[in-house]
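The chains carry the letters A, B, C, D, E and F, assigned in the order they are written, with residues numbered from 1 in each.
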Amino acid sequence: MGNFTHFNEQGRARMVDISEKKESVRVAIARSSVTVNKEIYDQIQEGTNKKGDVFAVSQVAGIMGAKKTADLIPMCHPLSLNGVDVHFEWSLSTEKEEYVILITTEVKVKGNTGVEMEALTAASTTALTIYDMCKALDKNMVIGPTYLLKKTGGKSDDYERTQA
Amino acid sequence: MGNFTHFNEQGRARMVDISEKKESVRVAIARSSVTVNKEIYDQIQEGTNKKGDVFAVSQVAGIMGAKKTADLIPMCHPLSLNGVDVHFEWSLSTEKEEYVILITTEVKVKGNTGVEMEALTAASTTALTIYDMCKALDKNMVIGPTYLLKKTGGKSDDYERTQA
Amino acid sequence: MGNFTHFNEQGRARMVDISEKKESVRVAIARSSVTVNKEIYDQIQEGTNKKGDVFAVSQVAGIMGAKKTADLIPMCHPLSLNGVDVHFEWSLSTEKEEYVILITTEVKVKGNTGVEMEALTAASTTALTIYDMCKALDKNMVIGPTYLLKKTGGKSDDYERTQA
Amino acid sequence: MGNFTHFNEQGRARMVDISEKKESVRVAIARSSVTVNKEIYDQIQEGTNKKGDVFAVSQVAGIMGAKKTADLIPMCHPLSLNGVDVHFEWSLSTEKEEYVILITTEVKVKGNTGVEMEALTAASTTALTIYDMCKALDKNMVIGPTYLLKKTGGKSDDYERTQA
Amino acid sequence: MGNFTHFNEQGRARMVDISEKKESVRVAIARSSVTVNKEIYDQIQEGTNKKGDVFAVSQVAGIMGAKKTADLIPMCHPLSLNGVDVHFEWSLSTEKEEYVILITTEVKVKGNTGVEMEALTAASTTALTIYDMCKALDKNMVIGPTYLLKKTGGKSDDYERTQA
Amino acid sequence: MGNFTHFNEQGRARMVDISEKKESVRVAIARSSVTVNKEIYDQIQEGTNKKGDVFAVSQVAGIMGAKKTADLIPMCHPLSLNGVDVHFEWSLSTEKEEYVILITTEVKVKGNTGVEMEALTAASTTALTIYDMCKALDKNMVIGPTYLLKKTGGKSDDYERTQA
């Protein structure tokens, strides 16, 4: 059956036994994004400066989403997360009329398995919430690509993304 | 405050009142994807034909994810979904060594608001679960782009994506 | 693929589309049980009459369990349940030293699909909670058999169990 | 057993059968509050005007809390809420050095039972979240009193609070 | 930004990093209440002595509510609670015709952050459930005030409420 | 009140304090079953070999069910499960025309309380899901009996079932 650790000898999925793994501080950083049009860009900017802050709502959703990871992803271990943080940044290319919200999530745990799924779930939930709050204006928005940026702690080598 | 309907006159988010909207059958179709390397491609193919079916697990996760949409996205209305379906398709470009799993989700409801967020959440959860089950082999996988393909029902015009 | 309605043409599970089904009042009645030893029987009886009522706790769990059905059973449709009731009865056979708690659950909905899974989930959750509260005294308890007693409403014929 | 409708003839709690009740638009408005000290008052004011908006987070929590009502309150019927709104207002009495955040929640549904529990749960969750975000500064904060302000729709007479 | 620890340098909420905090046994005790009229008082008393025990249901809700704290309060850390207890007491003032149910909750954890939010959430959920079960008789009930009574364990000084 | 540890001195249920219990690796193995008719047996066999795998879906449900134990069973402690596995086996008696799916679940945790409720909940959820996916063909299916097979770890003696 190759090395898919998530399957038992019957070929059925299982939650892998991690009771023998060492406890250590583990961190994962993930990235997602939402590409919007100029109208949405303008309105989000206006709201962020004054009222109707789209980012405030979606960032709360992202943090709560991190806590729901084991409830959403069947083989994920439930973990007592120690810290979750979400950041936003605009990536603009006015000539191409491209308005991209970059979402960076960081999750930390002192535990015996990594938190990349929690960081990716936080990033996805944040992006979905931005989409929800802007969808009355435009349905052509695009979420992602979504991927892991960095991962430290645990026995396997630390990971840092090299490709764009 | 422009036309962000999700904010009240205090500039704070709200769940928009839809009690006056008409009930009708509404459908939304969304797309996500996971780009994997050759090793994962080979192993998923082997498992799908015999045992250790990554798609079987992630597709269950996607359907359950659709039902959790209102729990994840703060301003989403809880809806009694009437049907959810998830499909998989490989998009291969062997010369570029690109192995992409295309995920298509379809959600249906007889209700008074649309289900695009449910379709997008199902697609995202399916993709995250594929990632989780393959991450021991490669951490460079990429989820998405994730977007709406089609939407019918309700008062606003039907939507069908034209851009790639 | 025979007539398993829960699979799509790819052979993958789906939540069946019920948007065309008629709304009607539907009722389902299910049964489970917990077989306990004399010591537990005596203590439950004492608690029911005075304090420490095992049934009070497990019956609350059963009602809340009914509401979690669509969250537990992947292909179940979320439903706005209209009524849930749980009853207890002792079935004693002192010569065989058998002490059986019979659990009967009744679930009602005005909706477009039946509620047998909700009644069965309520019965199972009630039984599991009784087990949990008594397990310090005996680990030989047995839950069930658990089955559907009756079902009315909807297009298919009403069902009433004939076998024991 | 008097007229506690929430108990069956065994004296055990049940979810009352509402399948015969008429569907209508129902609204409930509830009130809670958090009494804080001057330091917290100053910091919340500063954050609301610039950054670190305590109200933004707690109001998202309140809306999501309304959706969790049937998951929290055992005998509550699950309802597909149609609208939720949360407002904040300061009630200050500088001579008594009293700084009170008034929370007003409004919940709307087209359904066959009222939404007072949803409005009260939204108000409580909003207040608990304010407490959580300020507790590093002071543990003497007081939540509530929490009560129903108004209720319309349904067969029983509309209610409006007369006492303070 | 003052000392609101719950905000990051972008002024957005975060779940504070507690991975460096020491594990210790931590206890929190909270208080809430429900003020009812004479009719409800009489019926609850009758039910407690015989059947239809309002307290039994609401106390189960309170314990389950404690376990849902991190799901309700956005910035709360998920914790593996070690113990939860709920007590009831009547505070009567027959001349003022005041009938108050005092709710006291105690939560314990061996972990690296305190459990005051869990104790307060348990108290609030207990109170909301009492309200729900009695609301058919009177809508003038008042929940709370709700506050922290005591807190021990952890690095910061132990807290005990001095004001009423 | 005898030795029901789940009740406090008021005779009300509580979540027992386990903060003083020792952490150790604990394992529990549970059994449930679903008795089906020949038609369902044939179709499940066909699906397992090719498409429409009932076991794949119900086994995912069982693993996710294990993670929901503390959410379903009121007095259960939330635990960060370290491993969950589900197995299936047919027990056939063709002369009696009996077709029984045996479900075996194994749950592992490094923690300070046992996981028998998690194993039993996983087994029950797996069985309920099989029932759900086959109920269109037959409503006479029977779930269980469901019971504990084995338990190791912790202070109390290890348990192994001797009765059938």
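Just so it is clear, a contact is a pair of C-beta atoms (placed from the backbone, for glycine too) under 8 Å apart; a residue touches a chain by one contact, two chains touch by 3 or more.
Predicted, not measured: the structure shown is a model, and the values here were computed from it.
Shared contact partners of subunit A and subunit D, listed by label: B, E. Seen from the C-alpha centroid of subunit C, the farthest chain centroid is that of A. Greatest Cα centroid separation from subunit F: this falls to D. Inter-chain spacing, taken between the CA centroids of subunit A and subunit B, is 15 Å.
Mean C-alpha position of subunit C lies 32 Å from that of subunit D. For subunit C, residues touching at least two other chains, in rising order: 10, 12-13, 53, 56-57, 60-61, 64, 68, 71, 74-75, 78-80. Taken as a graph of touching chains, this assembly has some other topology, since it is neither a line, a ring, a star nor fully connected. Contact between chains, using the touch rule, shows up for A-B, A-D, A-E, A-F, B-C, B-D, B-F, C-D, C-E, C-F, D-E, E-F.
Interface residues of subunit B, counted against subunit D in their complex, comprise 8, 10, 12-19, 70-71, 74-75, 77-80, 111-112. On subunit B, the positions that touch subunit A within their shared complex are 1-7, 10-13, 32, 42-43, 46-47, 50-54, 56-57, 60-61, 64-65, 68, 71-76, 116-117, 120-121, 124-125, 127-129, 131-137, 139-148, 151, 159, 161, 163.
If you check the complex, the residues on subunit B that touch subunit F are 53, 56-57, 60-61, 64. Those residues of subunit B lying in contact with subunit C across their complex are 25, 55-56, 59-60, 63-64, 66-68, 78-88, 108-110.
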